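By letter and in written order, the chains are A, B, C and D; residue numbering begins at 1 in each of them.
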Amino acid sequence: MQEEFNEIFLKYHEIITLGVYGTAIGLMLIGLYAILTKKNLVKIVIGLSIFDAGIHLLFVGIGYVKGGTAPIFSPGYENAGNRMVDPVPQALVLTAIVIGFAVTAVALSLVIRLYKHHNTAKIDQIKSLKW
Amino acid sequence: MKKVLVIILLVIIGYFLAETFINIPFGENRIGDINLEKPTAAGYYLSNTTEKSKVANVITAIVVNYRGLDTLGEVTVLFLATTGIASILYRRKEEEENAETERLSLPSSNIVRSGARVLFPTIALLGIYVFIHGHLTPGGGFQGGTIVATGFLLMLISYKGFNTNHNRMVWIESLAGLSFIFLGIWGLISDNTFLGNIPEVGKLNSLISGGLIPLIYIAVGFKVAVELTGILDILLKIKPKK
Amino acid sequence: MNIFFLIILIFFSGAILSFIINKIAPKFSGITTFITIAVVVFLFFTQIEINSITQFSLGGIQMQFGVNNYTYIFAILVLGLSLLASLYSIKYMQNNDRLGYFYSNFILTVTGMLGIIFSRDFISFFIFWEIMTWSSYLIVLYNGKHSSKSGMKYMIFSAIGAYAMLTAIVSIKGSYGTFIISDAIQQGAFNFSENIYIPIMLLIGFAVKAALMPLHVWAPNAYSKSPMSFTSIFSGAMSKMGILGMGLVLASVYSQTTNDNTFSVLVLKQVLGWLGGITAVMATIYALIQTDAKKLLAYSSVAQLGYIIVGLSTGTKLGVMAALFLAVIHAVFKGALFMVAGAVEKQVGTTDMTKISGLIRKMPFTFFTALVSIIALAGIPPLGGFVGKWMLYEALITESNNYFLVIVIFFSSTAAFLYSYRFLFGLFLGQEEKETEHVKEAPVTMIIPMVILALILIVTGAYPGILFEPIAHGMHYLGFSDVNWDMSVLVNVWGEESNMAYINLSIGVVFVVVFLFLTIKGYKGTKNVGTKDISTSGEIPTENENLTFQLDFFKPFERAAAPLYKRSMDKIWNDLGNALEAIFDFTRRIYTGNGQTYALFVIIFLVILLIFKNTLFTN
Amino acid sequence: MVITPIHYIIVPLIAAFAIPLISKIHKELYRIVPGIVMFYNIIISFVLMKEVNEVGYISEIIAGWEAPWGINLIITPFSGFLVSLISVLGFLIWLYQYRFKKVIDVGEIKSYGIMQMLMITGAIGIIITGDIFNLFVFMEIVAITAVSLTSFYRGRDGAEAGFKYLLIGSFASAMVLLAILILYTQVGTLNMAEISERMHLVPQGIKATILILFIVGFGIEAELFPLNGWAPDAYSQAPGPTSAAFAGIVVKAGIYGLIRIIFTLFDIDGAFDFLIIAGLVTMIIAEFSAVKQTNLKRMLAYSSIGQMGLVLIAFGIGTKEAVFAALFLMFNHAIIKSLLFMTGSILMYNSKDKTILSIHGIAKKLPYVSILFAIGSFAIVGLPPFSGFWSKLYILTAAANKEMILLIIAILAVSIVEIVYYFRVVSKLYFAEDTEHIEIFKPSINSLIAMGVLAITIIVIGVYPDLITGYLHNAADMLLDKTSYIKFVLNNNVQIQ
């Protein structure tokens, strides 16, 4: 099983690289596009989430080690230390996801209040603070 | 016009990101030999977790122990998000009385409701299982807490009358948070270092093992569950304008 | 405790005390101020040794306090004038609000000036300079809403000056590694062949306080809008701080002239001289058309400072001596004149010359002061103003051959007669207005300082040697050797005490006789006629008609000089200010208020940095 | 129990988690507890400052893992100084607001206390942590609290300001996260000392990219132009004490992040020049924008941005002297701008339409607040004998020693602009007729004490700067001494008992 996978990995290495990095960067750019062009506040918040998701995906992606297993020393894997994937990015991404969630939640609550206050959710109409 | 500008900008950013990541080959082993005298951080974690932290799940060890301060911060961020949302969407007493503070509820059929009632304990149980076994299997406090919160979400959207007990939630939240810190302080007292791991009971890969790690993760699990539920509760309580 | 620190401490505690006392008993606030200054005057003249130096360090910077012969001249001037002015204020400021505010700032201003005199290093110099500036700014604001604009102007120009100075100071530190003034001079910080901008920056800084064209626009308003008891030291003493600094810098620049930089020094001399001359002429012309006595005096101050700067710019012994002499005399007579204006304002309620006239009967002592001071101002013998101007002409003609400048100065000096006449005649002579019938002479504590100043003028006019001696010492400190009284034809003949005393005595006798004669005759033979009492000529004027002859006093002259008034420096600065305001208004529009735009800014910034990353950041 | 840096973090957290519980016991407790915590912070700071000035560094490792592997908290004279400053300010801000909120019932006060306290904790965390990802976490704590506090008042446009802050702030966190990610792939560690040690291994192109991402990320927190669009809105809409905390505490943490990255982590040329240019542009644009403001707090916000620009310029000059000057300016700005925001928000609260135009002659009704505001204004524009003068002088001296005359002229020209808009307010405050008679809300005695302490500090430091210059010189030396920092963290990770 493991060997098979490694073989596939080696064979389609470029495509997999492209797939992981491309998806991640693509997600980031899509998120940024939404943030920068969409007028609706909720869409902007969604854009933020997508942007974050892209970064999180990159985190997970760079932690991968060719042929590595999950970094858990479960029974049968006691001495697999040298073939495990990098655990650090996974731990970090856990933190990052939770933080991203918290930010999104706060953002949505702000959107609710903005909508109540201005009766609109268009960002270019909410400009009472300027200059 | 603006869109064109944005697309041009994004293309440039994409180019530079790609340029950077081209030089970071995917799947390359950057950990190095874990048995070196001075390995990389990841290597150190992989080689030392079982002996020194006495847990099988390296990620859990990192999250709760090696980088425990991050997790404490993370818990704080969640706590602050709840607090913040509560203050952002706060209403004065008189507003509370005047406004219809009914929770937003989607029309749910009988099937959904009875299904939710059946599913809720299962989901909660699954969540609790996940955070109790955080040091053995993938998952842990955050994941388990989230699962529990989804159970509550299900209940909140299917039952109009379903109310979380605010008072009890405050208690659980505070106590869970405090127990995280006090477990850390226990380490500070006994080991002279905050979050220091207490000598283990039980064997590796058994439920009772890993010193303080599972205890902390359970506290985190409770806290996350309650906080997420709290956030959902507050956000759902806002009635949209007619 | 060191005497210098003690004096500064007394001043600061006096400032705080007068502020607090005002809350408890407003009446005693002024007296506290007077006592504070009196104590310092006493300490200064009994305890301080000239040329003693106190070293200390503050904030890691070496500092020195000390008084030398040169600054001693200014110390006398500052302390004497502020003592008299504080005495004068007690009654003058009575019944005003916020006395604590006024008096504490008054003391702080004096502190600043004395601190400048004490400082032998640039940093403490600058610190006291700024204390002086902001405390005087606060007093300019004292009169409320309508003075806030002139206060702002004053502060902006002061800041420009102060920061020009600071630039020079830190540059000196950067290039010569010292903040001590004498070290810097020794190492050639003011040497034109080493650098030009340090002395120039310093001169700009001082020129603002000395109200030199084109940096003078703050002065007329600031002088006239602040309370008169303060203006007398504002115009009398504080402007001399600018002169102090300019003298110091210029003397060093001139003494370090070598063959390399003769030309640039010459240019400096000419530019400064002409600026001074133009200042004098323009300010005089503006003074002519003022109907408000305070404003007239304010413009006149600017003009007089112009003379002083002309004197300094010559860089010759006689020129500098004339400048310093004029500086002292100007302080005295302008201090007195502003006190006169204050007394009139206090007793009559206005200083508008078209509204009042004929105060001579009501306020004889004030008139006496005004008369003596005006004689000094106009440069009529035998008082000091004449001596100073004579020496100035002599210096320009015999030592620097700057004949055109002489003409300019002479013109301005002659024109000064016109406004002097207007001031004296407008306020004190002529028929009485009905509105001024109730007016009485000013209170005695206001009269005393004025009369003292007038007497000083007479005495120094008679015995200019009293002033020439310290000035000669001071010039010696500046590096002018062999300063003698016989440099000037005038002083040579008159400056010796015996000669001058005769003239003085005879003029005094004549004055007294004429004065008595006129008084007796006046009381017996003249009839007191009001301006409205002209019914005999056929038409009966209405009550509201303004018939004082001050109205349109110099109308023909005004018409002749009209093109000059059109293009005032004021307008140029105002236009500049408006242009800047427009820029400020434009910049803030960058913050559009749209959150998305801000996000776009971030991305654009990121992209720009990324594109230029290899040029911006290299290994 | 021995006082160690971790107390900075656990004590406020215990309080934060416990406040919801203890507020059930007594209603007043949740107001007081943050104050006690802040006061304890001051005690920690002073104990640690004393120690650090003898020892040089204090490091504490978390969970018993030695430095490159676990997270370590490290206190250098530099960070110790900032932390002490933040602690003292935090306490004063608490003192200022202690009964303020009782009078004005606007929101959930319980959350307010918690968030204010944790914002300060987050800022302290940013400064004392030795781990780059931990720094990110603390940054997020600050960001979330700052956003929530900005939108705390319901009557204002707080939500709008908060949303803008959040939008730009999440860019900041994303950039920092991305930078950390790339950095991790290159050096394989998250400990800042080790990163710094291995920095030379990173290829130049990637290094520059990482630096740029960090600059954008922390630049947003440090209010760099053009990343500071959120700042005027947030400052002007946040409650007064929070604005004070933004200016005094949050920005300092942002600047610290930026400086730490550039001084300690990277060994790249051009970063210093970049700081000077960015600082100059920031300063000029912000100060220009401040002139025409009608909202006092917004004006103060622009001024704050401008001052941060000046701080960056000073850091960019890069000599020991300049760093010292920058630290001094940070200190001054923290106390002065806090004072200005504290007094300014009381003035604004009492003006009729919340603009500068309507504070005419309010000095008669609020004499103490007005005079404190005037002191603050005088100090911030750098007039002696107030403390602001010294920092400006030191910066100029440092610039002059590097012969940057144009820079000096630019700084001073901008100072004149500063004088214009501050003195305009002061003269309005004192010398204009008051037109409207409105009910005056007088500050409570504890607010006055808090403001008075700041004002006295301003004057005392202004008259006798030697009180703190010693510490600052020490701090500046340590910031520039990168090698001994690395050496200490990586080799001498014996825990100090």
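As a convention for this text, a contact is a pair of C-beta atoms (placed from the backbone, for glycine too) under 8 Å apart; a residue touches a chain by one contact, two chains touch by 3 or more.
It should be emphasised that the depicted structure is a prediction, and the values quoted were computed from it without experimental measurement.
Visitor: Counting C-beta pairs in contact, does A-D beat B-D or the other way around?
Guide: B-D
Visitor: Using C-alpha centres only, name the chain that sits farthest from subunit B.
Guide: Taking each chain's C-alpha mean as its centre, the farthest from subunit B is C.
Visitor: Would you mind checking which chain's mean C-alpha position lies nearest the centre of all protein C-alpha atoms?
Guide: When every chain is reduced to its C-alpha mean, the one closest to the whole-protein mean is D.
Visitor: Any idea how many Å lie between the Cα centroids of subunit A and subunit D?
Guide: Centre separation, subunit A to subunit D: 31 Å.
Visitor: List the centre-to-centre spacing of subunit B and subunit D in whole Å, with centres computed as mean CA coordinates.
Guide: Chain centroid spacing, subunit B to subunit D, equals 30 Å.
Visitor: Round to the nearest whole Å and give the separation of the Cα centres of subunit A and subunit C.
Guide: Subunit A and subunit C have C-alpha centres separated by 70 Å.
Visitor: Take the average of all CA coordinates in subunit C, do the same for subunit D, and state the distance between these two points in whole angstrom.
Guide: 44
Visitor: At least two other chains touched by the same residue of subunit C: list those residues.
Guide: 588, 591, 593, 595-596, 599-600, 603-604, 606, 610
Visitor: Quick check: what residues of subunit B touch more than one other chain, meaning two or more?
Guide: Each of 2, 6, 9-10, 13, 16, 24, 30-31, 41-42, 45, 67, 70, 73-74, 77, 80-81, 84-85, 88 in subunit B touches at least two other chains.
Visitor: Could you list the positions in subunit A whose residues touch two or more of the other chains?
Guide: 32, 35-37, 44, 58, 62, 88, 92, 95, 99, 102-103, 106, 110, 113, 126, 128-129, 131
Visitor: Name the shape of the chain contact graph, picking from line, ring, star, complete and other.
Guide: Basically all the chains touch each other, so complete.
Visitor: Which of the residues in subunit C end up touching subunit A in this complex?
Guide: Answer in residue numbers: 588-589, 591-596, 599-600, 603.
Visitor: Show which residues of subunit C lie in contact with subunit B when the two form their complex.
Guide: 600, 603-604, 606-607, 610-611
Visitor: So in the complex, which bits of subunit B are touching subunit A?
Guide: Checking each residue of subunit B against subunit A gives 2-3, 6-7, 9-10, 13-14, 17-18, 21, 24-31, 33-35, 41-42, 45-47, 49-50, 56-59, 62-63, 67, 70-71, 73-74, 77-78, 80-81, 84-85, 88-89, 136-138, 142, 204-205, 224, 231, 234-235, 238, 241.
Visitor: Flag every residue of subunit C that touches subunit D in the complex, lowest number first.
Guide: Residue list for subunit C touching subunit D: 57-60, 123, 126-127, 130-131, 133-134, 137, 141-142, 144-145, 147-148, 151-152, 155-156, 159-160, 163-164, 166-167, 170-171, 173-175, 197, 581, 583-585, 587-588, 590-591, 593, 595-599, 601-602, 604-606, 609-610, 613-614, 616-619.
Visitor: Using the touch definition from the top, list the residues of subunit B that touch subunit D in their complex.
Guide: By the definition above, subunit B touches subunit D via 16, 19-20, 23-24, 30-32, 40-42, 44-45, 65-70, 72-74, 76-77, 79-81, 83-88, 90, 92, 170-171, 173-175, 177-178, 181-182, 184-185, 187-188, 191-197.
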